[in-house]
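After this come two complexes, each holding subunit A, first together with subunit B and then together with subunit C.
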Partner chain A sequence: MLFRYISKRFAVGLIQLIGLTIAVFFLIRLLPADPVSRLVGMNSSAEAYAQAAKQLGVDRPLLAQLATYLGFQPDIAPGLLQGSLGVSWVTGTPVTTEIAAYLPVTIELVTLSFILALAVAVPIGMFGALNPGGKADKGVFVYSLFAGSQPEFWWGLLFVYLFFFQLGIAPAPLGRLSPMSSPPDVVTGFMTIDALIAGQFDIFVEALHHLMLPVFTMAFILSGPIIKMVRQNMARALQSDFVLYANCAGLPRARVARYALRAAMAPSMTLIGILYGFMLSGAVLTESVFSLGGIGQYAISAVLNYDYPAIQAVVLVITAISLVVYLALDLIHAAIDPRIAY
Partner chain B sequence: MLKRNVLLSAVAAAGLAIAIAPASAAQQILVLAEDVPAGLDYDGPSAAIPASQQGMVSLLEPLVGYAAGPANESGVGMPDFSKIEGRLVERWDYDPATLTWTLHLRKGVKGCDGATFDAKDVAYTFARAKSVSGAAPIGWFLSNVASIDGFTPAVFGDDPKAKELGDEVKIIDDYTVQIRQSEPNALFLPVLSIFGLLVYDKETMEKHATEKDPWSHDYANSVNAPGFGAYCLDKWTKNQEITYKANPDYYRGKPAIDKVSVRRVPQSSNRVVVLRTGQAQLATGMTPKEFDSLRTAKGVAVGGVTGNENLFVHMNFKSKPFDDPKVRQAIAHAIPFEQIIKTGYFGQANQWNGSVPSSYPGYKAEAAFTYDPAKAKALLAEAGYPDGKGLEAFADAFQLSYVAEKESTLGPVVNIIQSSLRAVGVPATLNPIPQTQYGDRQLVKGDLPFAVNDQEKPIGVDAGYAIQLFFVSKDKGGLNNMVNYSSPVVDDLWAKARIEPDAAKRTDMLAQIQDQLTADVAWLPVVEYKTQWAYSDKLKGLRWYPDNAVRYFDLSVQ
Partner chain C sequence: MTRLEAAALQASSMIEPTTARTVLSVENLVVGYPVDGRMIKPVDGLSFKVREREVVGLIGDAGSGKSTAALALLGLARAPGKILGGKVEFDGRDLLKLPDAEIRAIRGRDIGIIVQNPRSSLNPMLRIGKQIGYAYQAHNAASGQQLRRKAIDMLRMVGINDPERRADSYAHELSGGMAQRALIAMALSSKPKLLIADEPTSGLDVTIQAQFLDEMWNTVQQTGSAILLITQELGTLANYCDRVLVLHEGRIVEDAPVREFFANPQHPYSQQILKLQRERGSSLGLELPEGGVKPLLQTRDLRKTFAVQHTKKTIQAVDKVSLSIGRGETLGLVGESGSGKTTVGRCLLRLLEPTSGSVVFDGEDLVKLPPNDMRRYRSKLQIVFQDPFDSLNPRWTIRRILCEPLDLHSNLSAADKNKRAEELIDLVDLDRTLLDRKPRGLGAGALQRINIARALACNPEFIVLDEPTSVLSPRARVGLIELLVRLQKELGISYLFISHDLTTVRYLCHKVSVMYLGQIVETGTVEQVFSRPQHPYSQALLSAHLFPDPTNRRVDKVIPAALEGEIPSPIDLPIGCYLASRCPHVVEACRSTPQTLEPVDTGQEVRCWRAAAGEITAFKGAHA
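Here is the complex of A and B:
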């Protein structure tokens, strides 16, 4: 039954991806600029323009370009059907290679940030709900409002100034490793994992150290809405009939709280899932402040340079990941909530 | 929870123990830049990006270059534009009868991959340029500008023969090459110093050629640019970092700095902070305000050069009301030049009184436009717009466009210009647009009516090159006439000056052209701002080059 549900979701996801791919293909061509102009530069003669347009393949009819992109004309260039996302118009490198370099950085950053944010936010949210109206609850409310309403780049810059420049306990915001360190051989693309695979524990620690401030920054921002959501859902759960019954039955407070948390986590997981998908591309400001070179920065650069293959690929990859995350959430929902069955 | 936090703190503390030591102890430096090369092929898609050009000039060597001149007041070495000297070329002869340059090549020059430089490398470089096989054929463009025979627009046609190198570039022997021009053109030697004709190591390039890519564009674009430069590529991760190591066989001597690591740090404020801690030795691309703040920082020096960077107001002759000379003059007198210099550039700029960079040979200083709002109003009234009445009909034309990515630098300047124009009745509004869109409208469509531009630096060091690039009519050979300016006087004079072999006569004609450009307010020159770098006060030897890229070979750490 579960296998059938997952298969169905993948099939629907595939149709969504195909639809999105075609929509994005046409939508980015409505952007108010011509990507060829970036290539011709000072040499903007008609001949040079035609040459550059030919190089990019934009001299061909739109449907022909789409056919090539989808992979129906492999003799011209490999396309999606051949597993190719195209070649960047800025760097000339296959987009698949570039995404394989940039995406792990962001996944590592966002995942660690979520783990930290959850580790902080869930107990705080619970605490606030279990002690409603108290000073601590008010404090939690102010914190969650404060953390959730400040832009991450501002916190990032502030943290750099404080923890690197003033206190000297954080490394310089120069990316994943110190400039004179050599990264481990790429196996998974995740610096921490690759360092462990290579047995380079010093590089592993250094990579974690360099992730410290960006993860703190993002976790600080993320914890705000998560605290609020957990607190509200927990408060609602604590007022539900089954909790009243549990209290009347004389169950220990900690046990009742665990039951309530389980009920509160189901809707909270939805928010967390949506936030995760959003942060994959929304972590760009944190990536920028800490020079991390993740997928968000890659996306911004692609958009600013009208690098169509890169834009298309980023949208496709982020969407695919989001679809998988949403599927995973549904499965977690089912595990948490016994009323849900597939 | 508590245990988890304690563990994280422990990890952070352990990481601190291995934090980077200042790089200046060894002869290696850390450079912080806005970006690292996106490609190393000057005929490739990223050639227009300054960070890519920085990579190319670090790895490849030109045939000729400008002699070193004295340092300026801030300690930055200046080139002597009156003297071109050999690099890979040792000396040259020119035969005016046959328009042929004979280049005598330097012997014993070795590249990073062990190849020895000879005439085949030069021929390969020109053959590759003429093949126009890259995305942006800059090598062809420069050869065309220098009137090298055969480098005509015919290369873009269907005839494959037109793309092949003929006897215009002839190998005489291993160390002698002859290059023939189609007409006398003083730009020949200046263009050979530009990044778009740096010499590739043929042997290594051909090793990486494929049937589909016979000129190794993919290799140069994504892997390495093999040449005979001062540095060799050590490590390169696009969008993150590039590291160069000194070429031990470099013909001008092994560079003093063994290793140069360039890191992309997108936030300029972070570049400032890291430089101030001493962990980096050189930082580029900050805002004028940040450079100003670093001027008093301990252990940091700021060097600046009034080189070839400037800011001007772009008014399109094809957009009403900018076709009216009085409106153009009125706008010129409404610009508060001193305020822009003080507020926008913190004093690190001068009013620009010309149409080409003042440091270039052939520049002529013109009478300065003065900030005179009363005169601006009077000129508007003469044009039929008293107090600006009637100009509201041109609201679209008065959208002052500028590159949105440069907001931190241009923001203060465009705001000053907008408020000053509004004060005299010009209904200017601000229109920040992305760089690519700006470039499209400026270079290809040519339909940008009104803009502030701070990114046009003619890379060929010659007033004539700048004039041909920006002011000559398109049908008379103009290359990038973004304001659709057309003057028979300018076109006729340029047609003569371009092929004038007598340097004095040519300079005189170029001066007449500049007089005309000023009279027509072809561009409204505003300021020449300093190209600046911030660096450790232990770093010595910084020199300025017209491409604004640092030559790491010049540097040493004391």
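Here is the complex of A and C:
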């Protein structure tokens, strides 16, 4: 049953991805832009232009380009079917290699931020629901309005000023490691994990240290909506008949709180999933402030350079990850709440 | 001690042997809810006592504070309500003054509670067995396998088949009745000294309801505890309670032994709800002219099937129903939920198209009429639905609601329509000021009267009443029954009264048909069917019904065995008698021979060849 459900979701996801790939392929080409002249320069000769266009393959009919991209003409160039996302028009490097370098940074940042945000926000939201109208509850309300209403790069700058410049407990916002250290061998692309694999514990600590402020910034922003959601779901659960009856049956306070928390977390899963997918590309401002070089920055430079293969790859990869995350959270939701049927 | 108190003390010692210890003593309990800055007090000065081994019934209208009071006895109130004052003394301790941990120890261990909405009161995310285990563990030293075994034992005790499997079910996998049993299992797991049961059988079918109350009553007799039974049903009070408390506007207005309560109610509210019992229908004047009346509506072999999606199978909802209703006559249609009563009602009006058969109204077969001609008949045949809230548009004023049928079926001027609306509202005994209000905020009783007024707007000759009293409080129910009888007498309307409440049917109907699995199994006058039911299913239905008669209590007599087993699926119906799998009188021939309605000696028609042959022993209804 479970296996069938997962395979079904994957099949549907695959269809979505194929549709998306084709749609994005055409939509980009509708843009009133000329990537070739961007590459060869405005004043280049007609021969140079034609040469470049031929090299990029854009002189061929659109459908032929699509066929190549999808991998139906491996003799011309490898495509999706061969596991290739194409070659960047700007750098000439395979897009797959570039994504493998940029994506882990973002995943590491967003995942750690979510773990921190959940660890802080769930207990606070729970506490607020258990003591509604209390001082803490009101404080949290003000915070979630305040934190969410200002953009994260602004908070990032403030934190840099406070924790790096004034207090000196955070490192300079200049990437994933200090310029003096040499990174461990790349295995997974995640700095922390690679450091552990290489057995370089000092690098691991340093990587965490460098992630401290960006993660804190992201978690600071994320906590607002999560607290609100947990508090609201928890308050609803606490007023439900089965919590009332648990009290009637004389169950201990801790057990009743656990009943309510479980009921509150189940519906929260959906929102957390959507938030996560959104943050994969939305983390770009934080990445910029801390010079982290994540997928968001890669996407922006791809768009600015009309690097079509890169744009397509970013859309595809982020969508694929989001779909997997949604599926995972739906499975967790179903594990928490048995009423959810596959 | 004042004279009054002394008198009260003496009176109470007369009722109960002096040895009976007081288990629960409530004094001046007040519960308040803040509404728009004011405090509304649904419980306001509640005082009463419950003694050991006593079954005390608590009756009151909707909104009289029954459920609020039940929770407050445990020191709880639904948010944002609060207990504002009073004393709840249990075993000599005031529960309202105890610290949280101590009162939690008493809840569930000493006082168990069964609430009205069992399925939503069970944790939807935990297996039933686990929940019962937790409830037990909260008050007893046990763990792991012991808890599971205890849960299974409890489930078995409350009569759940295959308790090992059910212990692993979730609440949403249980039927309403099973969820109710699971809740009872939880409430009784620590053997409480007092059980508070808040309408424990609302929403259950009659046959299950009686079985269930019997089990609860037996359990309490065996364990020597006391019950506070909260109910809206006079039948439940009469059959199971020793003493009756009447809750009205948040306080107890009458406290009497059950027989005394029924024989001689003191408070005006009690007198109102008991009015029909005491007058025994005589003043309702249900007499019809000698020699019967001319039939107004007759059906012949009415059938209705529904296709089952994605298969070629069909559900047989109504099967060969033939009935006849005379002018000014009321036919009661009774049976358990799912027996097809409502479908019959809707087919008569072609709200559902019958699959086959005829509905002859005043000489015209409605089933054959083209839609345009049918429209002319719509004003002659009306319907009143079960749920008064959902059948009125909440955005319209009552005036607009009452004028709508006039817009469709008459050419009256606006002024005449207004006049008619006023006549209608007078006709159902409501105040004319209601005309400019919207349904919001009105009680179920008033809304149902508006539904009836709307049905009457175009002078119908026939009205289908589809369980119109089932969601009403006892007082509103009495009022509505009286209204229906009066309207029939004044206007000469015929009714098809669909109900599972046999007590109401007895007051209101001239004839009655009993339905089982889409078929009529017995039909006759109320007198015939209620005093000498012939079909085994009618017998079972009548013996399970709780008539409000404290002189013939169910707990005092030997109860004939209830029907066993489950109702067969309406998709795969048996070849022979539909009741064969559950009937105590079954013989081999029943299983293979389809049954037809046959007249029997006592006057009614019965769909049972053994009854027609006089082979089934007479059953004493004794309630007609």
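Miscellaneous remarks
Operating definition for what follows: the second predicted complex is superposed on the first by the 340 of 342 C-alpha atoms of A that agree within 3 Å, B and C clash if a C-alpha of one lies under 4 Å from a C-alpha of the other, contacts with A are read in each partner's own complex, and residues count from 1 in each chain.
Convention: a contact is a pair of C-beta atoms (placed from the backbone, for glycine too) under 8 Å apart; a residue touches a chain by one contact, two chains touch by 3 or more.
Only a predicted model underlies this, so the values are computations on that prediction, with no experimental measurement involved.
For the composite obtained by superposing both complexes on subunit A, the positions of subunit B and subunit C are free of clash and fit together. Shared-chain residue A:T93: touches subunit B; no touch with subunit C. By the touch criterion defined above, A:S149 lies against neither subunit B nor subunit C after alignment on the C-alpha atoms of chain A.
Touched residues of subunit A were counted for both subunit B and subunit C, and B has more of them.
One geometric descriptor of the composite model is the angle centred on subunit A: between the Cα centres of subunit B and subunit C it reads 150 degrees, in steps of 10.
Applying the stated contact rule after C-alpha superposition, one finds that A:R255 touches subunit C and leaves subunit B untouched. After overlaying the two complexes on the shared chain, residue contacts for A:Q16 are found with neither subunit B nor subunit C. In the superposition on chain A, contact of A:D34 is made with subunit B only, not with subunit C. In the superposition on chain A, A:D241 makes contact with subunit C only, while subunit B stays out of contact range.
Here's the short version: in the overlay, subunit B gets within 26 Å of subunit C at its closest Cα pair.
Residue ranges of subunit A in contact with subunit B, taken from their complex: 31-45, 47-52, 55-56, 88-93, 98, 101-102, 116, 119-120, 123, 157, 160-161, 164-165, 169-175, 178-182, 202, 205-206, 208-210, 212, 288-289, 291, 293, 297-298, 301, 304-306. The part of subunit A that touches subunit C in the complex is made up of residues 238-242, 244-253, 255, 259, 262-263, 266, 336-339.
Only residues 71, 74, 76, 78-79, 100, 104-109, 112-113, 115, 117, 120-126, 134-135, 138-139, 170, 172, 183, 186-187 of subunit C touch subunit A when the two sit together in their complex.
Subunit B meets subunit A in the complex at residues 1, 4, 8, 11-12, 14-16, 18-20, 23, 28, 30, 32, 38-39, 41, 44-49, 132, 134-138, 141, 153, 156, 217-218, 221-222, 235, 237-241, 261, 263-267, 269-270, 273-274, 276-277, 279-280, 405, 434-437, 439-441, 443-445, 469, 479-480.
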